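Below: a set of structures, written as structure tokens.
Here come two complexes built around subunit A, the first alongside subunit B, the second alongside subunit C.
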Partner chain A sequence: MANKIEDELKKIVSTITEIPLDTLKPDADFFDDLKIDSMKAIEIVAAFEKKYKIVIPEEEIPKMRSLSKIIAFAKDKIK
Partner chain B sequence: MSWDIEKIKSVLPQREPFLFVDEVVRVDAASFTVVAKKTFSPGEYFFKGHFPGNPIVPGVILIEAMAQASILLYAACKPEVAALKPDYYLGKVKSEFRQPVRPGEPVIMEIKGLKMINNAGVGQATARVGENIVAKAEFIFGVIRKDAR
Partner chain C sequence: MDDKKIVITGIGVVAPNGIGKEKFWDALKNGSSGIKPISRFDTSEFKCKLAGEVSDFKPADYLGEKGLRELDRSSRFLCAAAKLAIEDAGLSITEENTDSIGVCTGTTLSSLWNIAEYDREVIKDGPLFTDAGVFSGTVANAASSRVSILFNIQGFNATISTGYTSSIEAIRYAANFIQSGRVHAVLVGGVESISPASFTGFYRLGFLAGLKGEEVSCPFDRRRNGIILGEGSGVIVLEGEAHAKGRKAHIYAEVKGAASAFDAYKLGKYQPQGKGLHQSIRSVLSRSRIRPEQIDCVQASANSVKEHDRIETAVLREVFAKPADGVAITAVKSMLGESFSAAGLFQVISSLGSIQEGFIPAVVNYTEKDPDCDLHYVTNTLHSRKASNVLISSFGPGGNNAALLLSKYQ
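Moving on, here comes the complex of A and B:
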């Protein structure tokens, strides 16, 4: 289950950012390393919420700066 | 709850001839939903060229109408931010058009918010004429306070 979520999230981020799956490093910072703008970041959050029907509180969004941080949040919320 | 044109103008910075919401039929901030209406009159400036003798509402105008309705939804969900009269700008639009819209046909736009935060919004819009879907769109827009520019 955990690996499935990880793969799904990676695909979501890859699709939105147009960064190929095989080059998307989990710890790469969305803003500093991948140069993702804030619009793409909110698109990732909205896609994540829609897929798993969960809500990421607004104050948590700035912490979602990498794929690994989103995965960690997902694993905590989706049991 | 519905909004008249004065309430709409208190939120939207757009004005005629670029104001494309006549009325908000229903606002439900709890379910992140707005239903808005626009009827394009035969005298709209763009019908002269789009197309001569065959007036059809341009798809980009339908997108703008749905985007304006999305801002109204944002204002309903985030009244404290909207009260500061921020700038709204489109970040991304995915759209499809299914049927032409002609002058005089009331277009009903239903906007559902997926995410509304202090500096951005994500929404899905469906525009109908009668029972028929004429256009659909997904929007991501930014919200920038004037004192943050």
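Moving on, here comes the complex of A and C:
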């Protein structure tokens, strides 16, 4: 289950950032390393919420700065 | 910046019958229609099946793969046409000149698909779980903004949404910007894309051809009974003369003048005497200091709607004392369908073909004469004639009317 979610999230981030799956590093910071804009970051969060029907609290959104952080959050919420 | 004379220096077009000026002009010369069975959505439940749909369009060929997923269909059309126009004009957009270049786009229905898609998701998945990426394409100025972002154009960005006349109004607006000295050049575009929302809307209102007769776009023909929807995009580079000459640009034509008039009558009905259209044409002729007999060609707005083509004929008859003797009247909507806010730009780019290449496209599908429409139409066969002055007319049942005059540059 956890691996499936990880794979799905990777795909979402890869699609939105247009970074191929095999080169997408889980710890890369969206802003500092991947240089994506804030609209895309919001799109990633919104796509995650849509996929799992989970609303991420406002105060948590700024913390979602990398794929691994989203995966950690997802693993905690989706049991 | 003080440029009073406005010229056209670049052309980009994504039309149902050809992409790029050469293919579009060739299609017009050959009478090759872009009207075909709709493939984008299911029409099996409808009596009408046709549209001027843009097919064989590969946006990546023009815009590359990267970033393409963010662009909705209308934005892809407009950005591809803009790219072609910029290249055609040889216009280089740099940090130094970006503030003196603008974007102005006519569009009315182009975001309907995204609005419907966004609403569908709200209903299906709940309002908290919509796709944030779709939202940006739901606004009317989405496509125009994409052009500014993609090509880093920062002078100004405006969207004109007056239905049928939007393209011509966009040219007028852009010309004013150049003449007032605020910018040197403007990418003026028109764009629409067909969607189930627009198709069913016009179907339910009884506006589509095929509901009360044959499903054909045949302007001025006795059989005409409604529009066939069209889509696509046209973009031109509009420039002040001095600026264009300064960078040694090729000049296709001069925009002699543009005018518009509003004559709202009743909801969804034409003003029966074409008062506003008459006023627009008279006004553009007088502003341009061109006499009716100096006009070689009229790019008519005629779209195969009974009342529309009758009114346009009556107005042209009044303006041109002896139309059969001189002016050649054509209607490209016979090949493209009615593409609303993009239509004016298609008419303009066709006119540039008349001025540049010396051809006047035929009104295709014309077979039966209507006593209400008895002018000198170029019917079914191409007319070879170098045009020096082309009048473009544009109007619809909402009360908006516009006219534009293009002249050979001298």
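Heads up, the rule we're going with is that the second predicted complex is superposed on the first by the 79 of 79 C-alpha atoms of A that agree within 3 Å, B and C clash if a C-alpha of one lies under 4 Å from a C-alpha of the other, contacts with A are read in each partner's own complex, and residues count from 1 in each chain.
Everything below uses one rule, namely that a contact is a pair of C-beta atoms (placed from the backbone, for glycine too) under 8 Å apart; a residue touches a chain by one contact, two chains touch by 3 or more.
Treat the numbers as computed from the prediction; the structure is a model and nothing was measured.
Asker: Under the stated touch criterion, which partner chain does A:Glu18 make contact with: subunit B (first), subunit C (second), both, or neither?
Answerer: second
Asker: Report for A:Asp76: first if it touches subunit B alone, second if subunit C alone, otherwise both or neither.
Answerer: In the superposition, A:Asp76 touches no partner, neither subunit B nor subunit C.
Asker: So, A:Ile61: does it touch subunit B (first), subunit C (second), both, or neither?
Answerer: It touches subunit B, and subunit C stays clear.
Asker: So, does A:Ser38 touch the first partner subunit B, the second partner subunit C, both, or neither?
Answerer: So A:Ser38 only meets subunit B here.
Asker: Which partner chains sit in contact with A:Lys53 here, subunit B, subunit C, both or neither? Use first/second/both/neither.
Answerer: In the superposition, A:Lys53 contacts subunit C only.
Asker: Check subunit A for residues that touch subunit B in one structure and subunit C in the other, and list them.
Answerer: Subunit A residues touching both partners: 39, 42-43, 46, 49-50.
Asker: Quick check: in the complex, which residue numbers of subunit C touch subunit A?
Answerer: Interface residues on the subunit C side: 66-67, 69, 125-126, 128-133, 136.
Asker: Where on subunit A does subunit B make contact in their complex?
Answerer: 37-39, 42-43, 45-46, 49-50, 58, 61
Asker: What does subunit A use to touch subunit C in their complex?
Answerer: It comes out as residues 15-16, 18, 39, 42-43, 46-47, 49-50, 53, 55.
Asker: Spell out the residues on subunit B that touch subunit A in their complex, using ranges where they run on.
Answerer: For this pair, the touching residues of subunit B are 91-92, 114-115, 117-120, 122, 140, 142.
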